[in-house]
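Next come two complexes built around chain A: one with chain B, the other with chain C.
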Partner chain A sequence: MKQVIVHPERCVGCMQCMTACATAHSTSKTLIGALLEEPRPAPRIHVGAGLEDEGFPNRCRHCDPAPCQLGCLPGAIYRAKGSNTVMVDYDLCINCASCAMACPYGVIRFAEDPKAPPGKTVAVKCDNCVERQAQGKVPACVETCFAGALTFEEPSEAMKRRTGEVAASISLDAAAHRVPLSASWDLQSEMKRRQKALDQR
Partner chain B sequence: MRYVIIGNGVAGITAADTIRRIDPEGHIVFVAREAFPPYCRPMISNILAGSAELDELPIRPDDYYRSLGATAYLGVEATGLDLESREVSISAGANLAFDRLLIASGADPHRIEAENLDLENIFFMRTVKDVLGMVEALPKVKHALVLGGGLVGFKAAYGFLSRGIRVTMLIRSGFPLSMQIDQTAGEMIQAELERHGLEVRTGIEATGFEAGEDGAVRAARLSDGTSLECDAVVVGKGVFPARGYVPSAIETDAGILVDDSMQTNVAGVYAAGDVAQHVDVARRRPWVNAIWPVAVEMGRVAGHNMAGYPMRYPGSLSRNVIRIFDLDVMTAGMVSPRESEGLETAEGYDRRRHTYRKLLFREGVLVGFVLVNQIEQGGVLMNLVHQGASLNGLTAEALGPRFNVGQVMGRGRQAGTGYPAPAVGAPSTRHTANAAAAGSSAAVTTATE
Partner chain C sequence: MGANGNGHKKGEFSITQDAQAMLVKAERDQVETVWDRFQAQQPSCGFCETGLSCRICAMGPCRIDPFGEGPQKGVCGADADIMVARNLARMIAAGAASHSDHGRDLVETLTAVAEGKAEGYGIADPDKLQALAAEWGVEVEGKDELALAGALAYAMEEDYGMRKKALQYVTRAPAKRQEIWAGLGITPRGIDRETSEMMHRTHMGVDNNWVTILLQGLRNSLADGWGGSMIATDVSDVLFGTPQPHASQANLGVLKEDHVNIAVHGHNPVVSGTVLQSVEKEELVAAAREAGAAGINLVGLCCTGNELLMRAGVPQAGNHLMTELILVTGALDMMIADYQCIMPSLGEVAGCYHTRMISTSDKAQFPRFDHREFHPETAQATADQLVRDAIEAFKNRNPDKVNIPVEPMDQTTGFSIEAILGALGGTPEPLLDAIKDGTIRGAVGVVGCNNPKIKHDYAHVTLMRRLIENDILVVDTGCAAVASAKAGFKNAAAKEWAGPGLRKICDAVGIPPVLHLGSCVDNVRILTLLSALANALGVDISDLPVAGSAPEWYSEKAVAIGAYFVASGVTTHLGPMPPVAGSMNVVGLLTQGLEEHVGATFAVEPDPEKAAVILMKHIEAKRAALGLDSREVGEAADTAAPATPAAPVA
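Up next is the complex of A and B:
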């Protein structure tokens, strides 16, 4: 299955993806329309600055298993059947931010959304543009990124390894500084390994 | 294989779900004091506040036990364990034999020493039943008294205030939430609640209650000899692990002590959730972290091991998110004044953005933090605490408003974890400069007191 792949080293920090993302999650699907909408649609991708001020596009990794899903109190976070996408059920969400506390990438924001009950603030994050994909389009951030920092492709082994490295890099020099008890990241990876093993039985 | 699970809270049902995935045949038996379907306990405070309905609480379908192929004794208590015959005795008058036992009975609210504690409209806030009682009493409540400045006390106060009811909170000492957060954040929360009509009184306790003509509470007698009129009381003095029926042969500290597989010192007997005591990764010692995500994790690990698929638990971390009116507070690890003594601290207060951040380090390793507002990056910090990674030099960025995971990964790259070199961007100190320009003050100090 094709996935959005982030190449942070190519990001020029133009933030076009944020605008495109917000527009894709608006009701009108046009930039001008989106600006006039109430509630104003929120971007699900965030371009921050890295340590050396390089652009850093940051979006949901759709982790499996997902720490946000395990931490969600009412069970509002689920994995869409048959896809790789971790979704938030806006009806169930109680805006408690337990997910933001669990997400190791800091990609969850809280906002009103055209798709949520009116006046209700909910957890919003990347949904892999499920709506656009159903229409045969690529995710909006990918379409708009001219620097090639966001691509939509089959993750090759090399890419998977890279993603793995990025995930590992969040643990800094973890091997050197590991507390004897190990860490949540290991727990997540371990659960994933097991889930796979069980599924394959 | 016969599995008995005491308690149908999130730890118990997560373990049962896990067991069923691994062992399709085994017989699963629940003994559960609450007959209500498995539900989201934290959401009872939303019921009090009027922001959730009863039918939004369940977290499993109506036919949960049946679809799991489990037997459930609902509204039934475990009253004792016979470790010789390997049986659980239950209040329904039977003995249930087990091969594997999971103690997942959660926690019960602390009672207090006070006269007439059993008057009508004096509540604890732990179960859906407790909160339905509170909601029923609401129409007659004009002034609510909350005893205790812990999390549950605050959620109770918030609930009443959201309903337009006046609330007085009595705190024995210090400042609100002094177990969870530092003084600055505690005072910010208190100010926010006071702005919405809360009155906080410290250094004072309730010693007894008086009944009105209808038998319901009418006033509280206080430790300074005065009395205070009130028509509802919530006792929020913390919780303790619900293990009264557990024999002393099973080792306990505050909670039931478990190893990395969630097993107690008795083979085949496991514990998970609020009742269990494993290890806190920041504190590096046995610790009860009575919070929802930890109960989920422990339930999973216990389920795996009970079904014969070994798995280790790496330890938990205390953490809380509190959203009160316009204030968001996130905290994790060692942040209370008592615990942060001697730790290196860095804090920044941004008046313009109304944000406050504090990081606590032990020998360069992040062991706790408090964020007030702008909490989106809390998960990044939490993961760093979990990793026990050295963070030398990250302090300034982490305190600034532009902190994000990219800066952490950049560090990983420097440390040689193979993250690719950036195509653009030169070394710069812009973040710190920006943080200063935005009016935030960052200072690194070593706590002395």
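Up next is the complex of A and C:
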């Protein structure tokens, strides 16, 4: 089954996935429309800054077993049948935040949601864009990521590719064969690293 | 908040004692600063950082994937080269427009003076007026001073238009340089014309050759350096006086606890020059005394501070990243701003204290500022009233919130080209001799802004220190000049930091090793000086053992300055990376390709220790090419020296 796979080395930190995610979880499904809605839809993916201010798209891993599900007192968190997606039942959720405390990745937030009872704050998290997938679309964050930091594919395919990359990197003359992922991005990242290094002087 | 409260050491943000102390106070006072907001913006958008995003038209906005798998063209078909070139060119256009509009305000003031409609302004340097009139081909015969000023202003207005084939000041450049510009088709024709054409060419479907886009970028920058900025500097000298060396001070210690403290912030001396006259008026000083103050203390910030400092010795309180922190002292009663580099956050910071915030330009307003517009006809009365209001604000000052953290640093300033030549005995020969015999290896203009991406003042101070200790004369302007003054490089004792050759010259001429040439428009003084040196040697500017550097730049104006330096033949170092990495072709042209065409390139290096080596190698190579003695330059040590030099022994 296809899953969203994160490739942190390609994240350029543009945060477009966050806007696309919020829009996908709005009623209108358009950015401008979403901005006018009440409640305003919240993103389920969050881009953070690493030690060198490089971007990292932080999203739900849909763990199995899922600590959030184990920690959920009213039993609002469940795994959708026939998929690996961990979901929240907004009617059962009591906004106690036990799931957020249990989550090792900090990807569960609390907000009103168009799909929740009006005025009720609930746990919101990545639902793998079940709605879009039912329409034959890929998750919104993947669709908007032009840098290829988020892909939607069979995990076995991604793992095979990764295995190949790692194997190539330990070949005897790997350095000589190394093709940079992107000369542009390498240059930009190097300059940022040098800037950041000055902070410690 | 944020960066202040997250366990960061204050030393991560600034090397200056006053900034570090005020960052601690800002955290206590719960004031958000530029460093908090910078942290909140991380990670910044990689498409924008690399120049690979475009929102010029409504078929987009578009992005190009730097990893090569996503889209490689915008909707219109622009590839990475075109997109990056267009974005950079528009930065140059904005920078050139800013300087040139500043110059326009001065020309309009000169016109108002000529028409007798500008109370409080006059001709402060009649000799320079005469010299400029002659240079501009203005008929001098039978004209009194005001008529001459009017005729000069009229001639300058023509340079803003489309009547001319080349700007007047192009003739100041060495003949070889003028030929290079003509050969490349980048001789600037009209100040506003080149900016307009730049915007036109970067509209969808006009110029889509990334090389010719960038060439127009260079022409646009030359219209700034040899046009708008040069007019701004020269007319400022006519109206407010050509700077001469004198003593002053720098850092937040120039605020006085027992005085009414007024700071001018921004760029144009049209406002700050008038405020200076008001604070010296006896009746206003008396009013301040009645209010319980010992007097009125005017201080400068940023470039309008540099304008007053250069001409009148008004002490300099701080550069770009100090403009929030001066409010945190709780000792500033009024800030009077005109335009450029005035952070829209200032009104909110001032809300934590009693400081009155004033905007003065019809083209620049800010949240939570009182808008009190300055016009030449009423400027003096407006300035008088503002000083009265500042005295009222002084009465509201809360002594418990006041903290002036440091003692001021002494500095010598006021080195216009006229003043430098004067100190040398009226001719550049002594300076040229010192360069020829190797006593001084060369000179570097260290200019430009602050940027929270680079530890505040660290790059300016480290780079200048390395240069002067290697016998390279440093001239500086803008925020860089404030950094070096605060570090003591313009102090009488600073020559101790200079190498033996430069120290000898400092002793002989009685100058510090770092000469303050003024504000950021005054970078054109560097062009004028280099032209004089090149002409005296019969060479081009690009043959001289000189370089430029903007180690902490942030603004579009700095991009225009960097471009006119390079197009004028001065190889220029930049600290922060401009948004060009998305096109390795553009990177290649800027850092290598331009050498063949204009005899100079850009070099990017955030680390000032490494940048110093780059600049020294460049200077020694230029010396060798001129047939002068040339030294080996070692690589920068991996572990850098401490950021803050020891205090000078005064």
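By definition in this document, the second predicted complex is superposed on the first by the 157 of 201 C-alpha atoms of A that agree within 3 Å, B and C clash if a C-alpha of one lies under 4 Å from a C-alpha of the other, contacts with A are read in each partner's own complex, and residues count from 1 in each chain.
Throughout what follows, a residue touches a chain if its C-beta (ideal position, glycine included) is under 8 Å from a C-beta of that chain, and two chains touch if they have at least 3 such contacts.
In this text, all values refer to a predicted model and were calculated from it rather than measured experimentally.
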Who does A:Asn58 touch here: chain B (first), chain C (second), both, or neither?
first
Counting only touches as set out at the top, which of chain B and chain C does A:Gly148 meet: first, second, both, neither?
second
Return first, second, both or neither, reflecting whether A:Val124 touches chain B, chain C, both chains, or no partner chain.
neither
Would you check which partner chain A:Met101 touches, where first means chain B only, second means chain C only, and both and neither mean what they say?
first
Applying the touch criterion given at the start, work out whether A:Gly13 contacts chain B, chain C, both or neither, answering first, second, both or neither.
both
Going by the contact rule set out at the top, does A:His46 touch chain B (first), chain C (second), both, or neither?
first
Just checking: does A:Leu70 make contact with chain B only, chain C only, both, or neither of them? Give me first, second, both or neither.
first
Both chain B and chain C touch chain A at residues 10-13, 48-50, 53-56, 181-185, 187, 191, 194, 198
Going by the contact rule set out above, which residues of chain B touch chain A in the complex?
21-22, 40, 42-43, 46, 51-52, 56, 59, 279, 281, 284, 292-293, 296-297, 300, 304, 309, 311-315, 317, 319, 321, 323, 328, 330, 332, 365, 375-380, 382-384, 386-391, 397, 402, 404-428, 430-431
If we count contacts the way the header does, which residues on chain C are in touch with chain A in the complex?
12, 42-50, 52, 63-71, 80, 453-455, 458-459, 575-577, 581-584, 587, 604-607, 640, 642-643
In the complex, chain A touches chain B at residues 8-13, 46, 48-56, 58, 67-68, 70-71, 73-75, 92, 94-106, 108-109, 162, 165-166, 168-174, 176-187, 190-191, 194, 198
What part of chain A is in contact with chain C in the complex they form?
10-15, 47-50, 53-56, 145-148, 181-185, 187-188, 191-192, 194-195, 197-201
